[in-house]
Amino acid sequence: MSKGRLEAFSDGVIAIIITIMVLEMKAPHGALPSDLGPVIPSFLSYVLSFVFLGIYWNNHHHLLHATERINGKVLWANLHLLFWLSLTVFVTGWLGEHHSAAVPTAVYGVVLFMAAVAYTILVRTLLAAQGPKSRLAAAIGSDFKGNLSLALYASAILLAFVNQWISDAIYVVVVLMWLVPDRRIESRLS
Amino acid sequence: MSKGRLEAFSDGVIAIIITIMVLEMKAPHGALPSDLGPVIPSFLSYVLSFVFLGIYWNNHHHLLHATERINGKVLWANLHLLFWLSLTVFVTGWLGEHHSAAVPTAVYGVVLFMAAVAYTILVRTLLAAQGPKSRLAAAIGSDFKGNLSLALYASAILLAFVNQWISDAIYVVVVLMWLVPDRRIESRLS
Amino acid sequence: MSKGRLEAFSDGVIAIIITIMVLEMKAPHGALPSDLGPVIPSFLSYVLSFVFLGIYWNNHHHLLHATERINGKVLWANLHLLFWLSLTVFVTGWLGEHHSAAVPTAVYGVVLFMAAVAYTILVRTLLAAQGPKSRLAAAIGSDFKGNLSLALYASAILLAFVNQWISDAIYVVVVLMWLVPDRRIESRLS
Amino acid sequence: MSKGRLEAFSDGVIAIIITIMVLEMKAPHGALPSDLGPVIPSFLSYVLSFVFLGIYWNNHHHLLHATERINGKVLWANLHLLFWLSLTVFVTGWLGEHHSAAVPTAVYGVVLFMAAVAYTILVRTLLAAQGPKSRLAAAIGSDFKGNLSLALYASAILLAFVNQWISDAIYVVVVLMWLVPDRRIESRLS
């Protein structure tokens, strides 16, 4: 079973997701400066999701680079991750149109939460496929940043019903936390 | 003629199909929890089609991995399969909007049926291109699961006019049946 | 300069064109058998364009397989071809909605004509890049089928204003003529 | 870290951007020759953006060809470029519908300006990753054409509020200036 084709397929799907999201930013009907106003929330939610997907692509890249063996379970764990990532198109569009509402903000968090869960499952499936004492296991270590992200997403989902700006702030914090590349893997293998 | 470019093109098309299907899930106009209600059938039909396409990608992956030679007929048999798979975008969108109607449920089954027929034709075209006693022929064996799927799809198309829930149940059964990777090939070649 | 990246980019663009065309087939608003009626012309124009793009992908595949050297002019001749192919999305959608009108039928032919011209330019640019006595020049020979296609497209554009069914018939004839793979190249190089 | 996967991902994103832009050209509701009139500005803005993206793909191709080492910063500088390129879908659609208005013309220029800035950042990040006396540094030399483009874009953004045709002319001039491939790199490395 070929790691190359798994990487190529994942790259393809992430590239498409990251790009078709821009179709959710509808061109304004008018042509005045004021017509750009309603586009700003759509633009910001696009930026946020673009960076999230960039982080996933980046980490996925590092993760598979450190991987030596894949199997059928890995293919499905990977498709599961791509499924949740694909839903960012839907929630980014919805959040962009209703940025000051609790439900779209919370649902955005649910998709991020589930994508993070799917990534964790993918990591574990890959570790199981490598066998003990693998290069990947040594590189991964404890997943502190992953667990912290899950906790932050869960808080953001609940806090969206208090004040959606808190949730938005949390999403930005998680993004900043991950913009630093995954040095656990990079430092050991690059 | 290059197997790599055929795989890359197929991966590209399947990656695009699986991703643009999400555009058929329209963001709700409102932002209340109740606005998510009408999205649920679209979401479920998206999940179903995503898994179907994942299965096709997975089996296509195994199939070509076991293939040694391709020719012009294989290219067209492959495009024929991609054609029917691309129609899942259309039927998934239609089924999502009219999940309790007979015709969209039956037409969904027709597309799955034709995709399964196209896959069978692709397998036979590949076998013919390999010549007798090929590694692929040994790996494929009898195609019990493929034939059973065709029979189940045919029943689902007819039963949609009795009760569309029966057809939906059949689609789920076929998905579950295939989620087990194609061990015929995997066990012999991996 | 890398032939592999040119092939991969072309495959990507053609894969996207062939797939997003399906988005022009809008899911019907109703769910009765009669609601499928208006979709039929869209479906048929989708089938026609799908096969046209499949032929271009197939011939492009053979053409570059026989190519040894590319340069900057080849990149632009290739982008020029991809440009006209991308317009099939627009004309397929328009023709599907107005299949019995002269102008969309003629404009469809204009795009096919220009794509054929662009393919001819690409072939000549590639031949110039190979130098005399190349493997490609020997494989191409005279381009009878290409010239005949150009003449047929030109007739179809004019005849659309007489009766658009004649043009549709011509488009189908050209498709059938090309479904036979380009044996000029295949027979010499495969 | 793999240069191949960075190239493949960039090719994928640029291929998708260049192709989904065509979805912004909506099929006319009528089928008369006069119905094509309103499509012409959309068509011209599509042509302009297609050529711009073709230039970026072409130069990106040359740039990475000359690159020997990439790192995490390069991945993000590259994603930053792809972000601004993806926004061409939005501004091309908007400009096509309001070609005689100042704001869409200026915003189109802003996106081109930012893409050029992002390309400059990518070049510098790549140079830093190569270390001194690299093959890439020798090939790049001074970036006169890049700096001139930035100045021209800035003028076009301001002049759009005087007369948007001046800005359109400037965009065409920049395109023509770049259609000549980047000989700085090509002449030294090809």
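Per-chain numbering from 1; labels A, B, C and D assigned in written order.
Criterion: contacts are C-beta pairs under 8 Å (C-beta built on N, C-alpha and C of every residue); 3 or more make two chains touch, one makes a residue touch a chain.
Just so it is clear, the structure is predicted and the values come from calculations on it, not from any experiment.
Shared contact partners of subunit B and subunit C do not exist in this assembly. Using CA-based centroids throughout, the chain positioned farthest away from subunit B is D. Under half of the residue numbers at the interface between copies subunit C and subunit D are found on both sides, making the touching surfaces mostly different. With each centre defined as the average position of its C-alpha atoms, the distance from subunit A to subunit C rounds to 37 Å. Separating the centre of subunit A from that of subunit D, both taken as means of CA atoms, is a distance of 26 Å. Among all residues of subunit D, those that touch two or more other chains are 8, 12, 16, 20, 23. Taken pairwise by the contact criterion, the protein chains form one closed cycle in which every chain touches exactly two others.
Within the complex, the subunit B residues that touch subunit A are 7-8, 11-12, 14-16, 18-20, 22-23, 25, 27-28, 30-33, 35-36, 47, 50, 54, 57-58, 61-62, 65, 179, 181, 186, 190.
Those residues of subunit C that touch subunit D in the complex are listed here as 1-2, 5, 8-9, 12-13, 16-17, 20, 23-24, 71-72, 75-76, 79, 82-83, 86-87, 89-90, 93-94, 97-98, 101-104, 107.
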